[in-house]
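Down below are the structures I want you to see.
In the two complexes that follow, chain A is the common piece, with chain B as its partner first and chain C second.
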Partner chain A sequence: MSIYWQILNIGIQNTLVYRVNFLARALFNLVPLVAFIAMWRAIYAGKTGDVSGYSLTAMISYYLLVTIVEAMTSVTEDDWQIAADIKDGHLSQFLTRPIDYLHYRFCLFCSGRSVYTVAAAAPVALFVFMQREHLVAPPSGTAFGCFLLSLALSAVLQFLLSYLVAMLAFWVLEISTFAFILLAFERLASGQMFPLDILPQWLSQAVMWTPFPYAVYFPVSVYMGKTTGIALAQGLGIQLFWVVATYALARLVWSRGLKSYTVVGG
Partner chain B sequence: MLNQSIFRSAAADPRSPSAFATCGRYAGIYVALWRNSLVREMGFQANFLFWLFVELLWFALQLGFNSVIYLHTDSIGTWTKWEVVMLIGASHFIQQLFQALFLVNCAQLSELVHTGRMDFMLLLPVNTRFLVSVRHVDLGGFFSAASGLAVVGYAAHQLNVSPSLAQMLAFAALCVAAIVVHYSLMFFMATISFWTVRAQGLVMAYYNLFSIARIPDAAFRSTLRVIFTLAIPMLLVASVPVKVLVDRLDSPWEIILMLAMTLMCFLVSVLMWQLALRRYSSASS
Partner chain C sequence: MITQPVIQVEGLTRVFRTYKKKPGLLGAVHGLFHREYEHTTSVRDISFSVGEGEFVGFLGPNGAGKTTTLKMLSGLLHPSGGAASVLGYTPWHRPVEYRRQFALLLGQKNQLWWDLPARESLELNGKIYGIPRPVLESRVGDLAELLLVQDKLNVMVRELSLGERMKMELIAALLHQPKVLFLDEPTIGLDVVAQKTVREFLRTYNRTHRTTILLTSHYMSDIEALCRRVIIIDRGRIFFDGALDEVVERFASSKLVTVDLDDAAMPTADELRMFGNVVERDPGRIRLKVPRDQVIEVCKALLERFPVADIDIQEVSVEEVIRDIFINSRNPDPDAGADSAAHLNQAA
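Our next item is the complex of A and B:
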């Protein structure tokens, strides 16, 4: 355990070097959200009534929460770094050491996320503050507790999905195309661009069968009190299932990958 | 440390030939760079096709997002569904042409600085900015751009507009201006790497920033509208060409504003580049 504590520490120190970079990234990540909110304001101004049960305030709340969830959980460079480790042969040193590579990467992911969260805190807080009249409080303490739980699960899930894509580097030269395909599906199906329940029902139901909604949409809907009671327990169960499933798959792919792993040079 | 005078001698041909001969020489260099890119690209055919697929997927995603929005409304500000489809198509067309010609080069600028390979670029007897801006051509971008143009055409059909030749020429000219805006802004952001050395996430920053060009300008009001028109002209680059095509410009001044902003963006990037070169002090060696 203490080894991983050390890794976490080193990870934090290494990523602290990029704090200005993180700040810039956090700022640029706000740009599409500003655009989405402006667009919804214009839409609500031109019509009467709600959009699939979302009032303007609820809609803006949704995007503010997406911003917060994203800052705390999304994967930034980890997949590229893992793929580079595999391609450049840096992996070899982990095979001879008593460290589990997946756990090692997960520690680095956590340290990266914590530094990013701190760096992004100021711009995100300012952004949320500017729209503060639209940020609703969670309906109950339980909802907030469950939100935190699903937030943690969402981070693990997103890490594992990226880890799986990065594992492709065992077999293909360039993983960037795959990484962008994953990113496209995450954008559309995770609820980053719009709340999934404004989709036609058959489509939103179909999307719920994929792991993506459990990365963003589900935690946000828990916070907003849209998912409660049995649906909430069920949702957390499914989220946990996806974490376990992707973890098992990651292990399987790893052991397969090692069989075709070759190091050129030394 | 590299001496200032080297920059000057690198920028100007020592024999100072006529303007005509200079153009010819640069055209020759550019053709050679194209051939070079084509040969390299053909070495990775599967990768080439994969990227085409990824670009199409992202384009479809944006169009899908728009369809979802218009399930719940008839207009965004003054923009109807097919007008926004045309806006997304035009924005994709412009973005992909920019990507084909300049994006990789801008993204690699920080790499050149931090590895010190910029030294070699500065020593070659051509204009350095020309060289670092156009070294690679990403041919897939032209195919993706065609898909954007097809969507513009289909949206025009849906809107029942048949633009005149003059409108189409104006559209084409404004698209060129828009590409210059993309290039100038991206080049500006890339030159910041002369100070920070590493510019990770530059391409992501670009995509995030230019996603605004796909949102109808009417959605933005007051401060945001001013910022994204007069400081970072995102709300002009795709919407002015589209407005020309569907003949709904508020006034001809919009065209003039866009051209003025294009010129300004380019001049600012030139200024930034000169400042950056003064700052450059190689790496290692």
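Our next item is the complex of A and C:
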């Protein structure tokens, strides 16, 4: 266990070297948020009543929560670093030592997230404070507990998805195309751009079977009390399924990749 | 003294498949539909064994297969054929127990955290190998002292000199006291002083810990200082495996004859040519490379023809002998070919 603390520790130290970049990124991540809020204000200004069951306050609340969830769970540079390790042959040093690369990377991901969360805390908190009349509290302690659980699962899931894409570096020279494809799907289907339940019901229901909503939309909707009861249990189940499935796939792809690494030449 | 060999290699072979692109744009388009591959044999049926505590030098020109062999023995490459066992394990199965007991140091790769002091990477390695803290502290202290980098442990790795960095890499590789150590060009690019420190360190370490070490280096001085046994590989084959001293005896085709004589009686270059290759011709001193079997005759003739003050006969340097071996093998004229085939038979 202490090995993981040590990796977390060294990862945090290393990330702190780039604290200014992190702070800048956290700050500029607020720009699209401002744009979204302005857009919805304009939409609501010309209407009376709710949009797809969202009041203006709930809508702004949604985007504030998306920002918080993203800060805590999304992958920033891990996929590039993993792909670089594979391409430059840095992976060799992990293969010759008694250490599991997936565990190692996950610890580093966690350290990156914790530093980013702290760095982003000040600007995001300030922004949320400015919009405080729009941030709703979770309806119950249970909802908040489930939110935290799905938040953790979302982090693991996003890490594993990126890990999988990065593994492609075993076979292709440049993973950026694949990373962009994944990002494009994630943008649309994760709920980053808009709450998924404003889509036609058949579409939003179909999307809920893919892993993407469990990155952002699902935890946010749990927090907001929009997903409760059986839907909540089912959602957590699907989220857990995707975590297990991507983990199993990551292990499989890793062993395949390693085969090509050691056969083609490390 | 040597009981069970630590490294046992039997007929190890490694073939690489490389995509052969035809020249130009058309070639690139053609490659999209139909790829031609070229098979190159990097290591060809090599066998050798190394006993505990041996310090073996791997020699060979670039692309001879040295690094490929080390990578196979470290489990980073699957062989195309043959077998190997290190400490009783098959390296490319990469069992955890094996990984706990050996280390590979690639001189051109960096395993330390670039933006942090080396101490952090060393502590991480300590945890990876499960070394208790006090033991780790004392090992780091001892190794850093021997390598003269005690005061650099808290400096960012990116601010270290190349030599200091390599020393830290060595410390990182040795923390868990590996039984087998593979060193690929550990002194590459280092200045003379750092090279000497690393060399002396390795010699002491090998003696005190009885670590089995396989070393590749471009610097003959490394090999001469450290390895009593050398394995020379060329184009994937073992060309020679034996004591370093034997290399000169067996492969040096000529000796160096140094003649001191009166300035006034200096022979001309033309006059000297009949005796052998003129290596040096300074006032008062001539140095000739003379085929081994003609040394005595040449010396006699020199003594008769010129007022010789002193005459000295030496072996040519190992470095030169090895360079000649490689040059001959690169220019396969029929004579040299027959020659090296004969050597190969002798070696086997």
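Following the convention adopted for this analysis, the second predicted complex is superposed on the first by the 261 of 266 C-alpha atoms of A that agree within 3 Å, B and C clash if a C-alpha of one lies under 4 Å from a C-alpha of the other, contacts with A are read in each partner's own complex, and residues count from 1 in each chain.
Just so we're on the same page, a contact is a pair of C-beta atoms (placed from the backbone, for glycine too) under 8 Å apart; a residue touches a chain by one contact, two chains touch by 3 or more.
Since we're looking at a predicted model, the values are computed, not measured.
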Inset, instruction - Quick one: classify A:7 as touching chain B (first), chain C (second), both or neither. - result: second
Inset, instruction - Pick one for A:200: touches chain B only (first), chain C only (second), both, or neither. - result: first
Inset, instruction - Considering only the touch criterion stated at the top, classify A:180 as touching first (chain B), second (chain C), both, or neither. - result: first
Inset, instruction - Report the partner of chain A that touches more of its residues: chain B or chain C. - result: B
Inset, instruction - Applying the touch criterion given at the start, work out whether A:262 contacts chain B, chain C, both or neither, answering first, second, both or neither. - result: second
Inset, instruction - Look at A:46 in the shared chain and tell me whether it touches chain B only, chain C only, both, or neither; answer first, second, both or neither. - result: first
Inset, instruction - Go through the superposed model and pick first if A:92 touches only chain B, second if only chain C, both, or neither. - result: second
Inset, instruction - Return first, second, both or neither, reflecting whether A:32 touches chain B, chain C, both chains, or no partner chain. - result: first
Inset, instruction - Would you pull the chain A residues touching chain B in the complex into a rising list? - result: 18, 20-21, 24-25, 28-29, 31-32, 34-35, 38-39, 41-43, 46-47, 51-52, 76-77, 173-174, 177, 180-181, 184, 187-188, 193-194, 198-200
Legend entry - Residues on chain B engaged by chain A in the complex (per definition of touch): 44, 47, 50-51, 53-54, 57-58, 61, 64-65, 68-69, 71-77, 196, 198-201, 204-205, 208-209, 211-212, 215-216, 218-221, 224
Inset, instruction - Going by the contact rule at the top, pick out the chain A residues touching chain C in the complex. - result: 2-3, 6-7, 10, 13-14, 17, 89-90, 92-93, 95-99, 259, 262-266
Inset, instruction - Please give the residue numbers of chain C that touch chain A in the complex, ascending. - result: 16-17, 71, 74-78, 92, 94, 96, 99-100, 102-104, 106, 109, 111, 113, 115-116, 120-121, 123-125, 127-130
